[in-house]
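Labels A, B, C and D are assigned to the chains in the order they are written; within every chain, residues are numbered from 1.
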Amino acid sequence: MDEMAAVELLSTHGLTRQYGGLIAVNEVDFKLYPDRIHAIIGPNGAGKTTLVSLICGRTAPSSGRISFKGNDITGLSSAKRVQAGIVYTFQVTSVFSNLSCYENVALSVQRNLRAQQKGTSLLGKWSMVSEADIEQAVSKYLLEVGLEGVEAQIAGTLPYGHQKLLEVAMSLAAGPKLLILDEPTQGLAEAEIENLTQLIQEISKSVNVLLIEHNMEVVFNLADHVTVMDNGSILAEGTPTEIENNHAVQASYLGN
Amino acid sequence: MVKKDLEKVDQASELNLSRRNVLGAGALVAGAGIIGSQMIDPIAGIAHAAGSDAPIKIGFQAHRTGIGALYGRWYERTTNAAVKHINSIGGIAGRPVEIITEDDGTDPKRGADVVEKLATQHKVDFVFGTLFSHVVMGSAPRAGELKIPYFVVSEGYHVASGALNRYVFQPCITDVRAQISAVSGWMFNNLGKNVTIIYPDYAFGYNHRDYASAAAEKHGGKIVAKIAIPPTESSYTRYFVKIPKNTDVIYHVMVGPGVLTFVRELGEHFGPNHPQLFGFIDSLEGVNISSPGLDFLDGSHFWEAMPRYASAADSAGSRFYRNAVGVDNSGASKSDSKDIAAYSHMFGCWETLFAIKEAVEQSGYKSKKDYATLIETMEGFTGFNEGIAHPQGAKAFSGKTHQCYGQQFVSKVGNGKLNVVHKTSIADGMYEPETDYTKQSL
Amino acid sequence: MRKKSLIYSLLFQGGILLLLFILQFILPTYHHSSVSKIMVLASYAVAYNFLLGYTGLMSLGHAMFFAAGMYAAGLGIYYLELSALGALLFGAAFTLVISLLFGLFALRTSGVSFLIVTLMFGQTFYLSILYFNEFTFGQDGFSLAKHLGKLVIFNKEYLYSNPDVRYNFALILLTAYLLISTLIMFSPVGRILIAIRENESRTQLLGYNVYYYKLFALVLSGTFSGIAGAMHALLFTYVGTTFAEIHHSISPILWTLLGGAGTVIGPLFGTGIMYYLVDIISGITSNYQLVVGAVLILMIIWFPMGIMGTLRQKWMKWLP
Amino acid sequence: MSSWINENGPLLFLALLDGTVTAFVLALIALGLSLVFGVMRIVNIAHGEFFMLGAVFSWFAFDLTDDPLWGFLLALVLAPALVGGIAVFSDRFILRKIKYHPESTIVATIGLLYVIQSLTLIVFGPEARAVEAPLYFRIQFPWFGYSGYKLIVAGMSALGLLGVWLLMIRSKLGLYMRATQQDLEIAKTYGVPTKKIYAAVFALGGGLAALAGVLVVPIRQADHLMGLEPLLLSFIVVIIGGLGSIRGTIVAAFIIGISDGIISVFYEPTLAKMLATLFVAMVLVLKPSGLYGEEVA
């Protein structure tokens, strides 16, 4: 519990989201500390995806607050949150399937490059971003996820596993401070899962990772810290070992 | 409306490219293109000299589709009948007449294209036949640019007002200003002094509003209310409550598909105790007077440019014309008694073709290079005599305004038909010319 | 890869524009004039395509922008005695304001709602031209022939409606639109617009404020449509409500889809083909609208990518 | 106040009377558009042409029988059926082929609008043709008279609306329609024949417009261009009421019908139309769900 002393990267306070009569996320106080892989697990309908949707701004909360690096971001649009460094990768791949892989990653790269520009130009900041720089960065990120050479391919024609990797490349290219991976291993073959696990390990050296995952093997392999959700609330928190030994968790979730 | 002086044609050098490099490289390219083209001078465009028996080609801009289609069909029938007759009597200056028809969809955009197509692709000698005033407004500038005589049959005031150009003539249908001036005097003197005017909410209607008001002043009448109805309206009852109680006469002029509804709802609104009605036949052009619900019009009066129902008073020319265009004695098509003619407008097509014939023959027009002579000849005309060529009646013509002035009729509805009760003189409709096209260069 | 595409497409468009430049010396009078008109209308379609083809927003009210530019230029010449260039700039500025205001409201909606909002705003604009007829000359419209000055090139005077002036000004307008469209489409901003068309919410989650980019596309498209309208007023000297009617909003949809939505040059082909189709049909039958309707239906069923879209898919992958 | 009533009372009364008649007819036309949107998620731009076809078929029936009453009764049965048939045909051979994609549907139905209008022009001709009312009498109020047939139109429209309502809540078709409107995928898994439901709804929508055409034609004659105006008005109504909501459509038809009547009578008709269209645009922008409906995607 020594990490408690560290300053949290992200925290929520009484975060709630209701859909009609259904409370998907109920008064959740969630804390995420830097420099470790944090996993959220829980049965279907526990509110995991809703919680991360609230965090990345795809969904507006019914009540409660969210802060990131000490700033209140509850009112920020999803785009602003990406700009602040909260980047989300989709559960079901959501690449631009009609565009080439190059375009997919370039979209993400160019925003980051633009944000790094200092000074102004008559034609606006976009004119200061050069295509050569974009090209270079795209290659770098594709290489990083192990997809070198696919630039010209149309994203929708890639095998599913590669689309997931492309999605990760897009997220990395956005320059994340916190990378949220929603069920990254879902639908992947055994070998692909292993590959992805390694990649996440690698990424986590420079980027904070929040992982939502069903595959317990992956969770216990990767995570430094685990939050268990059930019925829209946090059921338990702790290291993987602590969670494994938690009776409540076993009863509600791990047991099956 | 703001009247602007018309003499700004020669105001030059607004975009002097040689001095101000405003458009940069693009301008240079344009300049090169323009000058290049000027030097080469497109091979086409210059009319080949026609042989003595080659047909005179007349382009007919027809409203076959769109809101003008009803009139357009009768304009086309009349035109074909006139050409048939002209060719049977030896054509124009010994040359047969050929009509080339293009549909303009009653749309000013397409109208301009049609004028262009007739002039430059079909290489017609003249363009003629346009009715709807917005189409005339859209097409006339192009005729001016192409320098091709353009004879309209529109009854709009736009020709005589000076809004168009020297190539546009309206030689054989009286403009709406003169029509109103001619018949409204009769209305004020015979039907009543307090008049409510109901008119369509666009230019044609404004002419009625403005010139009827002017006529009221002249004849000691009073316009007690002016009710504008949008052209898209399909129900009129709610406008009728705005008619003041002291109204003696309702002056109505409506066009478009709603006319019948208009009249019928007027009847429902007032019942038997209604003010006098004075309408422009435009309200019922192409509509059978004995249509369901129109019995209410019994005893009311209409302006007609040419009486729809034949009578003993008709001239020989008028009878000849009625037969030639295939209209029976009650104003319907001889082949379909339900098909009522646009009788107060379509004569304009017939007469205009004869006016063209007269101008061509008098000027000795041979080909497009004789346009100037032809135009000057027509500007020299002072009128047309009644006869087969001009069955509607004699007309005065003003070379300055390019507009003719003819007699008008007032008819009363009775026994399910229209009976002429008054015929105006040409002078009743004349007004001081407000423009002089002869001063424009050709 | 991208650079090569850019060079290819500039060469391709340059070739077509060069062809158009040369054509003016060859074409017979009628076609010379038709092509001038096609180029102005195609510029309108290129502007429209910017919104439909590249940003994925379908508007049913674009005639509003075309007419706004046309009326601003025309009324500016009529009342304020503006010069031709002044009128063009005035038309551009006016549509810039109109499209900005319009965009601020309308872009709060999307999909079918956006379509209907554009239709309604377009209709309101049309009705207001009729309503203020004392000022706008209502349905009849007005001619600029007497109010326009002349163009002077090397001390020689030309009317703006001179066929060669008309042709070359139309060509310049089209060239400018094609060039600007191409450059934008090959820039990072173009990439964002395409991303919005493909998947708006995903684009937002890449950190882009989608609203601003849509607003940019709408204002550019609207203003360019307005400039095309102003140019039309100058070169064809007639201003009228027919250019504000709903039919004039439907036309660029037809031209763009036929030519290929989302291809820079497609709208030019679509406009040209439709113009000549209507022209030829109206010579044969009296019912060209039947053909327009049938083309719309058949195209959307069998040929939804349009001419250039299909060509791009099959052969010209580099086409922007 | 009392002098105002004396002066403007008849105006107000007429505005309300006329507005009510307009509202009933408008509700009938707009309901067709609304049902199609609600269930099929598409906007049918050719809807006004279905109305026009109803009026035109009515004229043919009148011409054929040469008797106002029999012609009217024949048209009442035949016109909605024929138009429904055209709608089913369009659904099968156009809309289904483009998979009801919202924007493609708009383009396709614009095409359909042109085709129907042009064919009508060829077959029916350009003129406006009158049809005699099956029952005609005039009601004399102290200040003005009014067409009795117009009141019959309002009554019959009300019956039509009631019919649709019963259909929606009592019949299997109605149940299927509501299920499809709620969730297409779930409806499919529960065995709702959604293809047939789509065709039926499109036919029903067209049939309602045609029915309105039949009712209205003795008041205002039939012509091939009469479809655009009711289309725009129906849009206004459907949007203000909330796309897909029957209750909203009917309420909005009354708001629009009566307010249009009042603004036209007391102010300017063109102004009334301008304000109505602007109002609709603003409703869509500021309250996209309309009065009762759900948000439009």
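We take it that a residue touches a chain if its C-beta (ideal position, glycine included) is under 8 Å from a C-beta of that chain, and two chains touch if they have at least 3 such contacts.
Please read all numbers here as calculations on a predicted model, not as lab measurements.
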Determine the set of chains touching subunit B that also touch subunit D.
C
Counting C-beta pairs in contact, pick out the pair of chains that comes out on top.
B-C
Give, as an integer number of Å, the spacing between the C-alpha centres of subunit B and subunit A.
73
In whole angstrom, how far does the Cα centroid of subunit A sit from the Cα centroid of subunit D?
50
Could you put a whole-Å number on the gap between the CA centroids of subunit B and subunit C?
34
Cα centroid separation between subunit A and subunit C, in whole Å?
42
Where in subunit D do residues touch two or more other chains at once?
118, 121, 268, 270, 273
Junction residues of subunit A - those touching two or more other chains:
none
Could you tell me which residues belong to subunit B and also touch two or more other chains?
65, 201, 230
Taking all chains into account, which pairs touch?
A-C, B-C, B-D, C-D
Subunit B partner, complex, touching residues on subunit C are 21, 24-25, 27-34, 37, 78-79, 83-85, 130, 133-134, 137-147, 149-159, 161-165, 167-169, 171-172, 175-176, 236-238, 240-243, 247-248, 279, 282-283, 286-289
Which residues of subunit D touch subunit C in their complex?
43, 94, 97-98, 102-104, 106-108, 110-119, 121-122, 228, 232, 235-236, 239, 243, 268, 270-271, 273-274, 277-278, 280-282, 284-286, 288, 296-297
The residues of subunit B that touch subunit C in their complex are 1-2, 4, 6, 8-18, 22-23, 26-27, 29-31, 33-38, 40, 42-45, 62, 64-65, 102-103, 105, 107-110, 112-114, 116-117, 120-121, 133-134, 137-138, 140-142, 144-145, 158, 163-165, 201-203, 206, 230-231
For subunit A, which residues are in contact with subunit C within the complex?
56, 58, 77-80, 82-83, 87-88, 94, 96-99, 102-103, 106-108, 110-111, 114, 126-127, 129, 131, 134-135, 151-152, 170, 174
Using the touch rule from the top, collect the residues of subunit C that touch subunit D in their complex.
58, 60, 105-106, 108-113, 115-117, 119-121, 123-124, 127-128, 130-131, 246, 250, 253, 257, 287, 289-290, 292-297, 300-301, 304
